[in-house]
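Pasting the structures here.
Both complexes shown next keep chain A, but they swap its partner, so chain B is in the first and chain C is in the second.
Coming up: the complex of A and B.
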């Protein structure tokens, strides 16, 4: 276990705690989830450097596509929520109803 | 300055920016910090000699996703009562700036001085009479073209062996994921578009009137009509 991997895991834990404690803004939650996926990709890439295996780099690229699709769909949901309720709060998310 | 020290410095900047994102109320600040974080990730990838992924990280995350978030922030009125702005907000940036300046000075002092001793003095040795310096002649440096042909870069291995080679199924799966994301976004926001079009019916497409348009009727000279 490298020191840098440990620090990256610490960043991931901080991000997940942010997902738990942030209860107001949906855009902030989307940004934090994106950051978490970015740190996961960095962990894969650095592990690939350590193990001299290129598959980790490929999985880093794969995670990047996940983040792009996830943020696009989440922001579309935010736009619908704003146009229907006028408030971006995660507690009003049940007003969409399908 | 070793590479491990530089990596730890960049990771410290990343930790500070994540803490700022967690505490910030306004999403614009968190977007700007996200951009800083991805710059740090790209520089970490550059120290590990993965140039392709570093370019992709900056292109995708800063060029596409951060701009997407900024569009959404522009579209939506975010009424947030800002907490009193004090100078405490900028303390973190000051710490980061001080660390960066100290690191750059360290690099300049350690690395650059050694190079001046070995190479630069040897280049200017013809102007000096001191015998000790004249003996320290520069070794001939030339470009090794053979190594340029043989060496495998990051992009070449990714392209020839991995993405379009033995693991091409993963590439196709990523394409399908992006397609599903695009179609899903259009499907979700379809109702909004249809509602807007029914509200003002002028915008509805009428093919008959489009085809029957003539040049003489539609486009008029301004002076003639006057």
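Coming up: the complex of A and C.
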């Protein structure tokens, strides 16, 4: 494990903790999930360079496609939420409790 | 050249799943009248599922396709049949609701998404390559994010869908992290290669950590405690029938993927972390499911809690050593659970308030079924006792054969704890029976109810007949499953 891997894993951990501790905005969540998936795609590409194998780069491309699809759905959910209620704040989403 | 030809033949074979989808979309655009379009979509979806069933019976039960990316065994074929039959049943229930004008909200887009998610599930059950597995799981979950929003006029539904989206995103990144960790250390994504390289370096903790992370992600998607809060909220937001679809399909797919991982990798690599960790999670889930469901008022939250408890029982095969037997028993338990839940949901949906046309939502309203129609009331009580696992019914035996093999392996204390917790599960099912029979009728807000006729009645009768017949031919059913799955 070299330095770049460590940095990328640190970014991933920061993203996960951001998801857990963020209590303000839904757009933040969308950006963080995008960041996490991008980091993992980068890890795939790095591993493929290390192993001299094309499979990892292909997987990175697949992950990019998937990320685009998922963030589109997330944005759609936010748009529905805003048009129905007029808020995009997590604090006001308190109708359901576990 | 021959290789290319074979691959293109395979491509055509797989795109046969996509042709009906394209036809459906074209038809749905071309017809102007709403009700006709809906009925045409329902019919084409049913025909598509029948087409896939016929294809399953025609082609061979065991095969290796696309350079080993897809491998099918008898077990997977059998579970694919179960999945397709269940989704046919659910789609026909939706059709029934639309015909009778009930408040089962379904749109054309949701139907097409159900079909796409079905294809994703079929691929992910056969996948023997990690990136294929990941992509097919994501086809399914992207469809599910939208299906969870199908009542998007309510704020509750949007909130549940958003929670599902966030947790699903976290789970898929965790699975992906595991896949990266495995790829970096072995240089391959195929199960067989990973097994060979992993056996050489048996002490390599990074491969083991990768597999453990994949299992963790799958378990978050299954909704095992302590990752269960999102599941209950999501199910409360969607309707009753969509909840039925989401729980059953998610369970079937996740369990088969876990069985694939277990049979191909985990048994050979001796990963004890997964076994011990899963045991703790199962015990926590049983406690949380039992305690949490006692204070619920809504029917749908009750069903959601029963779903997480049952998913904990279904992954018990991970803990034992004699897995081949236990896999058959958990498949048998799964079939029993599906039939019980189908009858329960049919009864609850079949009863409609005459004033505003809505379904039963609160548990105390279930008493009106007993007061209106004694036959349906008795079958409701039979189903509740069956799901609870009380001795005259088959579910008792299907639970006990899941738990008893742990005693043989010497894990006596754990088995005793699980037995105590199954008593807790019985308590909360019997609590509902108590509400139905003994509790007094609520005077405030009493409304009149009526039973609707039609296909739901045949489902109820069929389920009750299975509940009674399956006790008589118990040994035969288990041995038939053993023969189909080809494990002795």
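Assume the second predicted complex is superposed on the first by the 90 of 98 C-alpha atoms of A that agree within 3 Å, B and C clash if a C-alpha of one lies under 4 Å from a C-alpha of the other, contacts with A are read in each partner's own complex, and residues count from 1 in each chain.
Quick note on the criterion: a residue touches a chain if its C-beta (ideal position, glycine included) is under 8 Å from a C-beta of that chain, and two chains touch if they have at least 3 such contacts.
As the structure is a computational prediction, the values presented were derived from the model and not from experiment.
Novice: Overlay done on chain A, so just call it for chain B and chain C: clash or fit.
Specialist: fit
Novice: Which partner chains sit in contact with A:21 here, chain B, chain C, both or neither? Use first/second/both/neither.
Specialist: The first partner, chain B, only.
Novice: Go through the superposed model and pick first if A:85 touches only chain B, second if only chain C, both, or neither.
Specialist: Second partner only, chain C.
Novice: Answer with first, second, both or neither: which of chain B and chain C does A:37 touch in the superposed model?
Specialist: second
Novice: Contacts for A:55 in the overlay, against chain B (first) and chain C (second): which applies, first, second, both or neither?
Specialist: In the superposition, A:55 contacts both chain B and chain C.
Novice: According to the stated criteria, A:47 is in contact with first (chain B), second (chain C), both, or neither; which is it?
Specialist: After superposition on chain A, A:47 lies in contact with chain C alone.
Novice: Please work out whether A:77 is in contact with chain B alone, chain C alone, both, or neither, and reply first, second, both or neither.
Specialist: Both partners, chain B and chain C.
Novice: For A:10, select first, second, both or neither according to whether it touches chain B, chain C, the two together, or no partner.
Specialist: Touch partner of A:10: chain B, not chain C.
Novice: Once chain A of both complexes is superposed, is A:29 in touch with chain B (first), chain C (second), both, or neither?
Specialist: Only chain C; A:29 stays clear of chain B.
Novice: Of the two partner chains, chain B (first) and chain C (second), which one does A:66 touch, if any: first, second, both, or neither?
Specialist: A:66: touches chain B and chain C.
Novice: Rounded to the nearest 10 degrees, how wide is the angle at the Cα centre of chain A between the Cα centres of chain B and chain C?
Specialist: In the superposed arrangement it comes to 140 degrees.
Novice: Does chain A have more residues touched by chain B or by chain C?
Specialist: Comparing chain B with chain C, the partner touching more chain A residues is B.
Novice: On the overlay, how many Å separate the closest CA atoms of chain B and chain C?
Specialist: Minimum over all C-alpha pairs of chain B and chain C: 5 Å.
Novice: Both chain B and chain C contact which residues of chain A?
Specialist: Looking at chain A, the two contact sets intersect at 55, 62, 66, 69-70, 73, 77, 80.
Novice: Flag every residue of chain B that touches chain A in the complex, lowest number first.
Specialist: Of all residues in chain B, those touching chain A are 4, 7-8, 11, 14-15, 18-19, 21-22, 24-25, 27, 30-31, 34, 37-38, 41, 44-45, 48, 50, 53, 56-57, 60-61, 64-65, 68-69, 72-73, 75-76, 78, 154, 157-158, 161-163, 167, 170, 173-174, 177-178, 180-182, 184-185, 188-189, 191-192.
Novice: Residue numbers of chain C touching chain A in their complex, please.
Specialist: Touch list, chain C to chain A: 131, 135, 138, 142, 145-146, 149, 152-153, 155-156, 158-163, 165-166, 169-170, 172-173, 176-177, 179-180, 183-184, 187-189, 229, 232-233, 236-237, 292.
Novice: Per the contact definition, I'd like the list of chain A residues that touch chain B in the complex.
Specialist: Counting only chain A, the residues touching chain B are 3-4, 7-8, 10-11, 14-15, 17-18, 21-22, 24-25, 27-28, 30-32, 34-35, 38, 42, 45-46, 49, 54-55, 57-58, 60-62, 64-73, 75-80, 82-83, 88.
Novice: Help me check something: in the complex, which residues belonging to chain A touch chain C?
Specialist: 12, 16, 19, 26, 29, 33, 36-37, 40, 43-44, 47, 50-51, 53, 55-56, 59, 62-63, 66, 69-70, 73-74, 77, 80-81, 84-85, 93, 95-98
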